[in-house]
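Both of the next two complexes hold chain A, though its partner changes from chain B to chain C.
Coming up: the complex of A and B.
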């Protein structure tokens, strides 16, 4: 099925206006160089954070109206409100449910983990604030399905993953292993949504995201000396690099591993991050380099006039913008020097 | 059956078909083009209603092909006397000539209106981000118009070249 990209005319027009608010390099610099956390958060207000449809959805918490106290709770609330607003915008503008689902399903899998952890811990309850909304499925409904074991309304991949997660926890008592199953299922489902949308750009994005997850997981397993079966379990199928490619690297020297990965299509972008992680153990560098690959892929849509690509690019960039805002605000709250924060933030919108 | 076939190859029926095709194809293209730009413009207006005046300028551009199609149909009908003058009974060959003359604006009009709609929708993106560059957005879309005008010209020359 091929996608009729003219269906995205409305979405593209709307996104073109909204993307002017995305924070660019100078915006991040202003945040990093700000004297106080509150001053840094003001840059977010200018970028439309905490405001939806001209009204303040974050009553009383708009940084411009706050006092000097702007702590971790306020930061998380501000970012969560923006995530929610972005998700709702995605559902509103996307004429294709699969494209919206592609981005939102992450929240469902997060919510499944919260629900299962509450069950595993024996508490049975969880704070609704821990849930991420909006998802493809309403969080309450999802909880009802899982606790009642009524999987009928769940898609096949999710159903299998939840059953498997419960089974693994029952056998091992290790919630981390259950999380691995769910993470793998999330990517599989994203790939399925991308294929169902008929959009090759989105399918390509799914492949890049799976590749990045696999590169990070494989390197971490190698570095931490994890057992072969554990490494096999964390690697996700559906990327451009076969699982056997990563298996072959397991016992190789760091220099060889780096060279092999540099030979892939991501080599030029991810090379520095890989070497930095293997040589100095800097996980942040590796994660930043992997995210750069995803951002650079999304940036291919920069000059596409009409179609799903500009919409997809916006939501990818927006996700990283919210991540960057969190890194900067948390960094400033913790008194981390500006140059260290600058090293950690992902590529800016340009 | 024979009557039906005879009427199918009646010159006037064929000329009418040509006139209809000019209106239908060019009109369909324009409707798609204008609709596409309208959707993109609606997206911009949802976020920034002040840009209505600028977006409407781009939206009208793909509408011209539909007008050209109507013009060609009008000229065909005028030549065979349906609109003004005396109604002529033309031969099948003359009818096919009118049909052939309608094709340039019908086909080029259809394709160019959609292409112009895409260019104008891209121009809407320019307005969204850099409203001061509206003229450039219009220029890109207007370039497509050249080919619709050439097709119109070809159709008109052909129609007036048919001897009755």
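Coming up: the complex of A and C.
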């Protein structure tokens, strides 16, 4: 199925207006160089943060809240509100439900994990604030389906994943293995939505996201000394690199690992991250490089005049903008030096 | 030094002397106990200091990694990731006797010794920084438990040393001097009584001699 780009005329226009609010490199620099957390948060305020559903979530509260009392809880509330607002905007502007579902299904799988872990713990209850909204499915309905084992309304991939996660936890008592099953299913479903949308750009994005997840997971498994069968489960199918490629890295010398990964189509971007991991044993730089790959892929849509690509690009960049805001505010609250914060933030909107 | 209010009798003197012997023995024993407690206390203090520095260093690292992971991951994903633990641990709490002080002993057993099986979350949504933080916390846990045991033991030993020190001081500066003073007083009092009796007897003897002498004079006249 091919997409009719003109269906995205309104969405593209709306996004072109909104994307002017995205924070660019100078905005991040202003936040990092701000004297106080309050000043840093003001940049977010200019970018439309803290306004959810047309109302300022902090309206009517003590203005000093942005002073010294602007702590971790307030930062989390602010960012969670922005994630929610972004999700709602996506549902509103996207004329194609598959494109919206592609981005929102992550929240559903997160909610499934919360519901299942509450069940595993025996308590059966969880803090509703831990659920991510909006999702493709309403969180309450999802909880009803899972606790009642009434999987009829679920898509095939999700149904199988939930059954498998319950089964694997029942046999092993290991929440990590059930998470891995759900993570694989999430990517499979994202690929399915991308294919259903008929948009090759979105399908390409799914492949890049899977590849990046696999590179990070493969190196994490090597670092943590995980067994081969575990690594095999963690790796997501459907990327551009075969699972056997990652399996071969397991017992390879560090230099060979670096050369093999640098030889992939992402080599130019992730090379520094891999070298940093091999030298220092830290995956921070690699995680940043992996996110850069995704952002750079999305940036290919920068000059597309009309179509789903500008919408997709906006939501990819927005997700990383919220992450960057979290890194900067948490860094400033924790007194982390500006240069360290600067090293950690992802590529800016340009 | 105030005297103990007792009757200055020979019986009381014997009783007080027995008490004095007992107090001196108790004083020596308590002094030995205090010295041994101090020795144990100083050893524990040194270990406590070492552990606290080590634990604080490890915790700073763990929380540093955790802060970075929190910044990169959303709060919801973080809460969900750590919602249900993978590793289970049993802690057996018992006590050990150090110089009649019952200090706690904690023994813990992990369900699995495999260090790589402590992460209760999938890798797709989480940051490797969280692994580092969890690993640091995993490594610091035994040290934290030992620190808890040692800090509690130090508290209990300190309280016992304080109690023993008061007892030693009370015996050394109050009870033993009081008993010494009181026995001396009773001895003096009994000696005084003895001297009074002797003087009285000598006087009676003189009077009797005088009487005998007078009777002899009357008979001769």
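The definition used in the following text is that the second predicted complex is superposed on the first by the 334 of 350 C-alpha atoms of A that agree within 3 Å, B and C clash if a C-alpha of one lies under 4 Å from a C-alpha of the other, contacts with A are read in each partner's own complex, and residues count from 1 in each chain.
Just so we're on the same page, a contact is a pair of C-beta atoms (placed from the backbone, for glycine too) under 8 Å apart; a residue touches a chain by one contact, two chains touch by 3 or more.
All figures in this text were calculated on a predicted structure; none of them were measured in a lab.
Chemist: By the touch definition at the top of the document, which applies to A:17: first (chain B), second (chain C), both, or neither?
Modeler: first
Chemist: Could you look at A:93 and tell me whether it touches chain B, chain C, both or neither (first, second, both, neither)?
Modeler: Touch status of A:93: first partner only.
Chemist: Name the contact category of A:118: first (chain B only), second (chain C only), both, or neither.
Modeler: Second partner only, chain C.
Chemist: Return first, second, both or neither, reflecting whether A:226 touches chain B, chain C, both chains, or no partner chain.
Modeler: second
Chemist: Check the contacts made with chain A and report whether chain B or chain C touches more of its residues.
Modeler: Per-residue touch count on chain A favours C.
Chemist: Could you pull out which chain A residues touch chain C in their complex?
Modeler: For this pair, the touching residues of chain A are 72, 76, 79-80, 83, 106, 110, 113-114, 117-118, 120-121, 126-127, 129-132, 174-176, 179-180, 182-183, 186-187, 213, 216-217, 220-221, 223-226, 234, 236, 282-284, 286-287, 322-323, 326-327, 329-331, 334, 336, 344.
Chemist: Flag every residue of chain B that touches chain A in the complex, lowest number first.
Modeler: 32, 36-37, 39-44, 46-48, 117-119, 121-122, 124-125, 128-129
Chemist: Using the touch rule from the top, collect the residues of chain C that touch chain A in their complex.
Modeler: These residues of chain C touch chain A: 67-68, 70-72, 74-77, 79-80, 83-86, 115-116, 119-125, 127-129, 131-132.
Chemist: Residues of chain A touching chain B in their complex?
Modeler: Listed in rising order, the residues of chain A that touch chain B are 6, 9-20, 93, 305-306, 310.
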